[in-house]
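A, B and C are the chain letters, set down in written order, and residue numbers restart from 1 in every chain.
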Amino acid sequence: MPRNARAPSKFCETWCEADAVSARIGRPAGLKFTKIEKRFASLYALRRLDLEIAPGECVALTGRNGSGKTTLLRVASQLTRPTRGELAFPGLKEGEAPAIGYVSHAIMLYEELTAEENLQLFARLLGIAEPRRRATQSLEATNLSARATSLVRTFSRGMKQRLAIARALLSDPGVLLLDEAGTGLDTESMAWLANRIRALRDEGRTIVMSVHGESALSQLATRAARLDAGTLVADTRAGATFQSVFAAGEA
Amino acid sequence: MRLFANTAALLGKELQTEFRSRELLTTTIVFVLIVIVLFSFTFDPSVSESRRFGPGLLWLAFLFSASLMIQPSFLKERTNDTLSALRLSVGDPFAIFLAKLLANACMLLLTQLLLLPIFAVLYNVRVFPVFPQLMLVFLLGSTGVAVTGTALSAISAQARMRELLLPLLLLPLLVPILIASTEATAALLDEKPALRWDWLGILVAFDVVFLTALWLFGEYLLEE
Amino acid sequence: MIAKTGVYTFLVCVLMSVTAYASFYVAPTESTMGLVQRIFYLHAPSGMVSLMAFLVSCIGSVAYIFTRKAKWDWLAVSSAEVGVAFCTVVLLTGPIWAHPAWGVWWAWDARLTSTLVLWLLYVAYLILRTMMEDADRRALVSAFFGVFTFLDVPLVYGSIWWWRTQHPQPVVFTSAGLDPTMRKVFYLSWLSLTCLMALLVRQRYELESSREELRTLEQELEAN
């Protein structure tokens, strides 16, 4: 949700807000990055980056390690605040916040809790009515019902990723951000993931996924873009071909 | 309202996680005990000396153990980046702080509760007649320690040398708590026990000031 | 700009010289303590100036949190460092005054003890800054801690003062009953030390600003 730095509104934020869940929109939103800059310590992860993603697009973001893909996705999810520049969500009215699902390389789950405890917790935090039912449904949708009461610590990498996707989808997000979600998955899990993303894409959600090169996931994309040293260097919307975007340099 | 619902949900998770393993609680209790015993060797433990030094040493032991025990509060959210998951899910980031500080305050209070009988025995003080009043002092003191400690845990999780940094930052800040709690405790354990509202007033002021500051500015600590 | 700084520096030097002269030759000799009492004209105003510096640092911290402009962070760290310097002066002149006058090096009186805690708090602030490399994170996190620390100052002073009132001891470091001439010299000293503080903060600020410029240039160079 957009946060501004002005404390005076804080009092109202806490006491005056209506049901915040309904304020988050489940319908797809676009993403508009305008002159985004992000500086970490001594380096610029993103430099004056301009990128516009339309609602419903499925974008594959590629580039070498350190090219800024993760940072861009974190800025998009509003976890990271850019040093300069603006992020807007075209397709939404002024002040509306998009529901965002974010899957990163870290699983973002509590290993000392069970699968269903994790999902119930996040469902409750999101303000979802009947969190237990939603958690159970999510587990069914991701084929994890059998391991619902097992600690996440005991899961394989593929199962953890599936649970991470379940967590990301709890809020019924209009925008889904996947940061190298396919890394470390075996073929079977990868196929499952690709199917899932295809279904979400066909439902019309906006999807941005960072990939390391051509794969089952990149083939689902309707658009591809390449980052290098924090700037956009190739974009299929600007006329480049999918091959050229992925071919430049190593994966 | 959503802030309280979020806080309750997170508090439940914090307590559930801790009581499943009970590592933090048992380690803290033993540590406080060790500190108390060690302190005893530094003065002549006659009844009058114990009464003079006991409360101060008790609170010093609590402060030292708190600065170690509160450390993992935010640090453990770095494994698997669960902090990002929380930030994406909760409405108001203050809920994260509130839940953690309440959990820390509970842990501290529990530690104090379990150690009180041992302290009473070792230092020959009568705690039973003033037990509710003692609990009030412990509650107010622990809240202050928990509020500042939790905030600093979020800070030190982002810095180097965090194990040493947290006590370094926390202990000077807690001087008012140490003084007020010790004086209030000493007054209750005196031959003529008295509840010192002036010292309790300082504790309340400390708690209110820092809780408000955390509410206003805490979310900036979680920013990236 | 350089000329202006030069002129200001010269004025500060003149002011300090006049103050030094006044402290030794204009102010009357105190009846009980004699010559050593004259250190009061350095000791007491330094304490007040350090508090003023810490206030400025807090303002810088709050301003940074709301505006995120680096210059406020530079102000915050510059004032904090100068404040610590003046605090150190207080802590050094205290024993120098106390030992010849009362035979003790340290007296745990309210003001000196509070200054000691203040010194520890802001040294902790400075150490926190060295433990974080990322300039933006460091600025935000230390701004938060700077606010926390300054909020603690009245609580520290209040609780220590009340503690000393409850457990009275022979009064030292009194500045009560100041002769009118002494008072004038005291104010003169306060003025000149305040001007010195402003000069030092300004110089340190310029240093920080130059460092930032250098770093930005280095980054640009690396990028190209």
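To be clear about the criterion, a residue touches a chain if its C-beta (ideal position, glycine included) is under 8 Å from a C-beta of that chain, and two chains touch if they have at least 3 such contacts.
Just so you know, these numbers come straight off a predicted model, no measurement behind them.
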item: Chain pair with the higher count of C-beta pairs in contact (A-C, A-B); value: A-B
item: Centroid-based (C-alpha) most distant chain relative to chain C; value: A
item: Chain closest to the middle [Cα centroid of all protein chains]; value: B
item: Centroid spacing, where centroids are CA-atom means, of chain B and chain C in whole angstrom; value: 31
item: Where chain A and chain B are represented by their mean Cα positions, the distance between them in whole Å; value: 37
item: Approximate Å spacing (C-alpha centroids) for the pair chain A, chain C; value: 49
item: Sites on chain B at which at least two other chains make contact; value: 217, 220, 223
item: Chain A residues counted as touching two or more neighbouring chains; value: 5, 7
item: Sites on chain C at which at least two other chains make contact; value: 65
item: Sites on chain B touched by chain A in the complex; value: 1-3, 5-6, 9-10, 13, 16-17, 20-21, 79-82, 84-92, 94-95, 215-217, 219-220, 223-224
item: Chain A-facing residues of chain C, complex; value: 65-66, 68, 133-136, 215, 218-219, 222-223
item: Chain B residues touching chain C - in the complex, by the definition given at the top; value: 148, 151-152, 155, 158-161, 165, 168-169, 172-173, 175-176, 179-180, 183, 198-199, 202, 205-206, 209-210, 213, 217, 220-221, 223
item: Chain C-touching residues of chain A, taken from the complex the two chains share; value: 5-7, 39-44, 47, 83, 229
item: Chain B contact footprint on chain A (complex, rising order); value: 1, 3, 5, 7, 10, 13-15, 17, 19-20, 74, 77, 79-81, 100, 102, 104, 106-113, 117, 121-122, 124-127, 167, 171
